[in-house]
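Per-chain residue numbering starts at 1, and chain names A, B, C and D are given in the order in which the chains are listed.
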Amino acid sequence: MRVAIADKPFSADSMLAQFADSRTGAAGALASFVGYCRDVSDAGDVHQLQLDHYPGLTEAEITRLANTIIERHGLIDLLVVHRVGVVTPNEPIVLVAALSSHRAQAFAAVAELMDYLKTDAPFWKREAGSGGERWIEPTDADRARRAALGE
Amino acid sequence: MTRILFFGRMSEAAGCSELDAELPSELRTVAALRSWLADRDAALKQLILSPGIRAAVDRGFCGDDASIVGAQEIAFMSPLSGG
Amino acid sequence: MRVAIADKPFSADSMLAQFADSRTGAAGALASFVGYCRDVSDAGDVHQLQLDHYPGLTEAEITRLANTIIERHGLIDLLVVHRVGVVTPNEPIVLVAALSSHRAQAFAAVAELMDYLKTDAPFWKREAGSGGERWIEPTDADRARRAALGE
Amino acid sequence: MTRILFFGRMSEAAGCSELDAELPSELRTVAALRSWLADRDAALKQLILSPGIRAAVDRGFCGDDASIVGAQEIAFMSPLSGG
């Protein structure tokens, strides 16, 4: 399992390729997700996102969430990379990838970990764009998905 | 001295992302610290008493009953949003 | 949208990277899945898989399924690559990737397209290994997932 | 002459993946062709009558009522399994 906080732009392609290369022969399924900074939001054009975290707490909390997911789905391996700092459109913000024997476990793991990240990982996002500046907080849909995960 | 950190929208209300404070010794819980900060700063008051603002003592999430006695770093965080 | 049948080993990493590079600024979510040939199955060690298809019908049928998924989830783009021929352990068999504005659509699209491929795409798999040779047909779980998709 | 293709487990039962046959002109549907093939070849009989074996006429999936009149290529396929 690997959890990384990236304070500069990272290549989701090459980190995913590296993760895929590390797999063993029993791993039949690799599911992954990349979240990119969009150039539009419901507030208009987006110029940048400022992503803050709480050094020391953030990595520990993601690691805890990642371990929960590995155990729940019996994963072979899990990768989480999350950007902090100033992010501009088209840059990746988050990469999550899961390796398992069969596909159902890998799919569920990636979707659930993304749900956790939206509401339980110590990050704060501020969007700056044509509509001014605003904090981005979890949506009702994010909270509903998180609630469905229980615990 | 205790370091108090503010994250997200909370930092905007506080007007800073951190401050060092000499806390009165009778402040023993997170709840008491919230009230003390609210009384001290009207701008903070709106948010710091909200249940949506999570707290961490020495880098561990905790509830309002948690002790802050001897704590070095206490954080108040508006809703988390990664991904 | 791109559908490809590969009769030789393909690089899932580079095809996925190319698909990711083609995205526009409104695409905030990229979900993907790679299915690899495992070196073990419930029958023992796996030496190879023979994947047959029906040229002319297979590509048309996958394209039809892909269009169903694009429409159902309002995707920005979709990629499907499927191997045929003799496949050895660790080689990718299938790559599915979906681009959408937000994550829920991309996740659902990739999972559902994989469910369709398991039961509705004209491929036939024969496994050869320490347990002899056998045809691999959809499992009860595959059929149940497909049935849940309706239509 | 009509080309008849067999896929998956079906090709094993048929002992070949394709054959060219001169079909009697009274064979007008997929169902009739299934019966004709079953009568002609005992090994085929087990599978060709099974509803799990899908048919395609000239590269389009179709049901048992579909016409095979004038068809050039008819396929019988054991359960599909991609991915």
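Throughout what follows, a residue touches a chain if its C-beta (ideal position, glycine included) is under 8 Å from a C-beta of that chain, and two chains touch if they have at least 3 such contacts.
Treat the numbers as computed from the prediction; the structure is a model and nothing was measured.
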| item | value |
| --- | --- |
| Graph distance between chain B and chain C, where chains that touch are linked | 2 |
| Chain centre separation (chain B, chain D; CA means) in Å | 74 |
| Centroid distance [mean C-alpha coordinates] between chain C and chain A, Å | 23 |
| Computed distance of Cα centres, chain D from chain C, in Å | 27 |
| For chain B, residues that touch 2 or more chains besides their own | 83 |
| Shared-contact residues (touching 2 or more other chains) in chain C | 35, 103, 114 |
| Contact graph of the chains (line, ring, star, complete, other) | line |
| Set of all touching chain pairs, with the criterion as stated earlier | A-B, A-C, C-D |
| Chain A to chain B touching residues, read off their complex | 35, 52, 54, 56-57, 60-62, 82, 93-94, 114, 117-125, 135-138, 142 |
| Chain B residues touching chain A - in the complex, by the definition given at the top | 5, 7-9, 12, 56, 59-61, 75, 77-83 |
| Chain A - residues contacting chain C, complex | 12-13, 16-17, 20, 23, 25-40, 89-90, 101, 103-104, 106-107, 110-111, 114, 141 |
